[in-house]
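Okay, so chain A shows up in both of these, paired with chain B first and chain C after.
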Partner chain A sequence: MLIYILKRLGLALIVALTVSVIAFALLRASGDIATALAGEGATPESIAVIRQTYGLDRPVVVQYFAWLWDVARGDFGQSFFFRTDVAGLIFGKIGNTLILGGASLAIALALSIPLGVLAAIYSGSMIDRAVTMFSLLGQALPSFFLGLALIMIFAIRLRWFPASGTDGWRNFVLPAVTLGYYITPPFMRLVRAGMIDALNTDYVRTARAKGLPARRVVFKHALRNALVPVVGLVAVQLGLLMGGSVVVESIFALDGLGYLAYQSISYRDFPVLQAVVLLLSLAYVVLTLLSDIINAWLDPRLRAA
Partner chain B sequence: MFLRPLMLAAALACSTAGLAHAQAADNTLRFAYNQTLESPNPYFTTLRLGVIVGRNAWDTLIARDNDSGEFSPLLATEWIWADDTTLDLTLREGVTFHDGSDFDADDVVATLTYAADPANGIVSQQIASWIASVEKTGPLSVRIKAKAPTPAAMEYLSTQLAIFPAGYFTGPQGATSAPLPVGTGPYKFDSYAPGGELLLSRFEGYFADSPKTGAKIDKVSIRIVPDIQTQLADLMSGGVDLIMGLPRDQADQLSQMPGVQVVSGETMRIVFLQMNTTDTGQEALKDKRVRQAINHAIDRKSISENLVGQGSTVINAICFQDQFGCTQDVTSYDYDPEKAKALLAEAGVSGLTVSLAAYRERHISEAIINYLAEAGITAQLQFMQPAAMRDAMRAHQVDMMQNAWGAYSMFDASATAPVYFGAQPDDNNLDPELKTIFDQAGATMDAEQRKALYAQGFEKIAAEAYAVPMFTLPVQYAGAEGLSFQTYPDEILRFWEMSWQ
Partner chain C sequence: MLKPLLSVRDLRVDLNTRSGVLHAVRGISFDVAPGETLCIVGESGCGKSMTSLALMDLLPRVARRSADEITFDGQDLTRRRIAGKLRGRRMAMIFQEPMTALNPAFTIGDQMVEAYLYHVGGTRAQAVDRAAQMLEKVGIGSARSRLGQYPHQLSGGLRQRVMIAMALMTDPELLIADEPTTALDVTIQAQILRLLKDLQQELGLAIILITHDLGLVSRIADRIVVMYAGAIVEEGTAAEIFDRPAHPYTRALIDCIPQPGKTERGAPLGTIPGVVPLLIGRQDGCAFRDRCSLAQPRCADDIPTQDAGSHHWVCIHGGQA
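Right after this comes the complex of A and B.
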């Protein structure tokens, strides 16, 4: 098990490093950062001052390794755009993204588990088809569309929730529903498939034969087993939530990490973007790793693979 | 993406309720803007929002009267040019900063010396690079020495050179140990989160003799909302009270709504097409007749009226009418596609293909392309990021460039003409005569002589048809019912003039 974990850890590190190299290269290929930072009508002298100030006159490879060395020591540098400490900037915003991620996941699970169970119990019926359609809609609707539709209904028409901002819990409701609904389908499908399998197993048949109430059979015996793969998926979907928050936070002007990523892309704020990309890729990699470890722990055959 | 305007239209249609005015009750103004402020310090931002915050939270030494265009006292009560490069100023007594400290000559010396030092890296170097030295001549008097005669000095001193308390800056790039920015303006900072909300409140200790006195709104909350649809939703649901920069079609829809007021304000931002006549440009563009043909081929009036809308004015010279030295009384080219074709034929040019770079107002680019096509010219659009376009322009890599120039909100032609025609990096004609004219205009302190030189320069640009002057761009504002606000060509919101009715 330890060797397996070490192997996966090594692979995870390589993935994170590769992502950081690609992000670094892509950003540099998108144009001269100093010119972008200098703003409208900047003179060549201003641009030269900026280039020198931020060390952008050094070879790209040197810049990358200098950045990597600083990161290894916990120094993410200074934001070009906000002229403030990147770590502090991220620290100030990550809380909102975690709240949004947690709330979205809770909504996704609250929707997918009952719906998945319902679809499995009534497999092949109208209920199953309706649930599948509802789930498909979640995957097909772009988040900006759903976000704006929710704003239209709940902010403009009913005025239950604000359209944007980060003032309190009410600001998180519409973004969390938008993001949560987006990740509901994979959970729902997994619960449905797991439940259909579980309901056809010998132990469920035995439980039914023993005369246990149907509710107990479904929720205690079948669902507990059907939920095992969902745990693994939660880890992966959390990574997806972090990435998906870029669009949702921008629509709802929620002051989080995704919104910060959006801003740093717009303003080519290289140190912030690089740090956010590294953080998101690390989160994804660590969560996937956790998911692998949980699965390997649950299924010893995977450890040998 | 066509879904989004459709959704907005639906939202407009379904919203019938009036706006909630809790903000009016607590005398607060909530303003949403679509671009993130990189710094609350006006020396370290080029964004319009930064200029707006700068003007409301800080004061300059001199003010500029919006109506007459004349300079008037602000932090300085008197000033005199001792000679072409020496400006003596007497400072106002009894002014206090937001942190309670008194304003005096030390603050002016410290701020201007800091701004003028390139090592400190203020983003618009040109606003202070003309300063050779600043010395204290008394507790409330200073002497500014310019490196050379700088006619635009008064413009810089009245618009951009905001005064900070001495000791505020602790290092380059705006480094400071102060928890919040400190100025003397009518509004002071209550809180600021990078990329988040900025909260201002009325400064009760603001000096009574200021032209910016009399602020009525207690608090101003500024939030960054990047999505225009979300901004509109916020406005309609009472989450914000004022937004600016609406696309015209959405402004038109919104203006039909009860409870919302839409205002179209002319700005000093001008749209014009530059033509590259350097060696790397399209050979045909070196022929004046071809450039004249391009001028005749585009119906500027029609684009201005139909695509840009109310608040847009057609221009003949590459400057804004209210800028000192600007004259629109120059050679102009009517829309005449037949004449354009005749000029092209006369120049022996047929099947001309040019590259056209643009970074904003794509719908205008598309219209220009269609008009050029009617005259037999194929324009290949290269739509790019502003920085990428600037790189391409400065490397003279494109034939035509669609610019939208705001002139740093400076009411002086020196912020426009020399930038594009005075052999500066963005110049794509490099006409030595124009360089001489604009250099002279930038070095003489005699107002009449400067006007004459700029007039000569603008006429030369028009006669040579180096560019296609198009029109001014308006900005659409939308405010909640009951909010009294006025717009200005410099796109600066004066919070101190606003009130709830």
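Right after this comes the complex of A and C.
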């Protein structure tokens, strides 16, 4: 198990470095940084000064390692648009996005696992069809539409939750439901398919032959194996989650990373965009690593790999 | 015969398929006495697995079971609640594919103790002791360390031994073994059969052994049931079946057994010419008549069952025909 984890860790490190090169190249490819930093109407002299101050006249490789060193210490440079420290900017918002993402994922799993299991046990029946309809709806419904509908009902009419802002946990409920429902269908489908497969396996038949109660057969013997691909999907779905959080944070004016990413794209604020891309990619790498480890625990056969 | 441990009367299994209702088991009846080995033999597709799964209430969802009687030690197995109490406790089952019959996610030990803890109770330590003891009984060395291993770390032969040990955890009176050696290579096959025979003598276990290989059966069977196309065509003691086979199908099966000396080395395994009839819809007359060299026009009518003591067969011909 330890060797397996070390191997995955090494692989994750290589991917992370590759990502950093791409993120670095993104900023260089966006145009002349010194010109952008100097702002509009700057003289060639002031641009040259900035170029020297920021070390932009050095060879690219040297610049890359200098930048990597800065990033490693949490220094992501200056925002073109906000004219402040990128690290500070992101740090203030990352927590909100993490809460939103975590809550959405929890809602998606809490919906999709029981529903997927139910649909698999009664596959082909009315229950299965109802569950599939419910999850298809989550996919067909644009998240801005569901978000607005939830605001209409729960914020404006019932006044249970605020419509916008970032003041407390109540602000996260509606966005998390919106985002959670949005990412539920792929999980539901995977749990359902995995459970249908698992329930038809020989080892589930063995468990039934042992006279174990149905509950134990389903939740111990079948679900454990059906969850292996689901864990992998969590990592993959992070992309969908982040994409969705751009929309959802904008609707609910939730002050998070998704909203910041949206702003940095529209203002061509490349240092911010670079930092967001880098962080999201790193989060992705870490999540993949975690899912590999969880899977190795769920499925002992993987540990040998 | 002793008071039977298992009695089956007019057992039927119907499967809903796209091309119609498939009658996989067509009204079979048999008894199993305590401590005896009953072998059910027949070609692939004749309904052996459906019969065994029906007894354990493990049929696939497309299958429907009906029977006049299925009793275990006098208790009605067709009642869910009673079957639930007996299954995995007083009657156990092992399967053809030892490679897939164990759950890959849990250790051998974990899978062995769970039915014991559920049915018998006691502490986990007691259950683990019993599991180690059972592994030793089925001939697995360093049992303690095996308990911590996962199925994928074991060979096919070892896994089938584990399956047997697991089935015996609750000290059942009946073990149903559906082709337990088919997936294993020949030397391992012999070992597993030997093991079953020994365990039976030691524990007084009744065994229903299901196989398509009549040759395998000669070493272990007390009584033999020969199935063809979902029905029993002949039934008798091992001696009766091998010395005086009465049904042409049984004789064809016996002729397929490779004989040392007689059968050429490397000759293809014997098979009966012709194909098994479709099991969809009704079957009038003898199902074997397309392949039978002794068939006559009246074989298309109802065929009487002939009896000679414990020996029965379903054919127009008498025993010596």
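In this section, the second predicted complex is superposed on the first by the 204 of 305 C-alpha atoms of A that agree within 3 Å, B and C clash if a C-alpha of one lies under 4 Å from a C-alpha of the other, contacts with A are read in each partner's own complex, and residues count from 1 in each chain.
Just so we're on the same page, contacts are C-beta pairs under 8 Å (C-beta built on N, C-alpha and C of every residue); 3 or more make two chains touch, one makes a residue touch a chain.
For clarity, every value in this text was computed on a predicted model and none was experimentally measured.
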Which superposed partner A:24 touches (first chain B, second chain C, both, neither): neither
Chain B versus chain C as contact partner of A:76, first or second or both or neither: neither
Partner with the higher number of touched chain A residues, chain C or chain B: B
Which superposed partner A:270 touches (first chain B, second chain C, both, neither): neither
Which of chain B and chain C A:252 touches, first, second, both or neither: first
Touching partner for A:225 - first (chain B), second (chain C), both, neither: second
Partner chain in contact with A:211 - chain B first, chain C second, else both or neither: second
Which of chain B and chain C A:187 touches, first, second, both or neither: neither
Doubly contacted chain A residues - partners chain C and chain B: none
Contact footprint of chain A on chain C as seen in their complex: 56, 58, 84-89, 92-93, 95, 97, 100-106, 114-115, 118-119, 150, 152, 163, 166
For the chain A and chain C complex, residues of the former touching the latter: 201-213, 216, 221, 224-225, 298-301, 304
Touching residues (chain side chain A, partner chain B) in the complex: 30-32, 35-36, 38-46, 49-50, 53, 79, 81-84, 89, 92-93, 144-145, 148-149, 151-152, 155-157, 159, 162-166, 250-253, 255, 259-260, 262-263, 266-268
Residue ranges of chain B in contact with chain A within the complex: 3-4, 7-8, 10-11, 14-15, 17, 20, 32, 35-36, 38-39, 44, 46, 118-119, 121, 123-126, 129, 172-174, 193-197, 223-227, 229-231, 233-234, 236-239, 385-388, 390-391, 405-406, 408, 419, 424-426
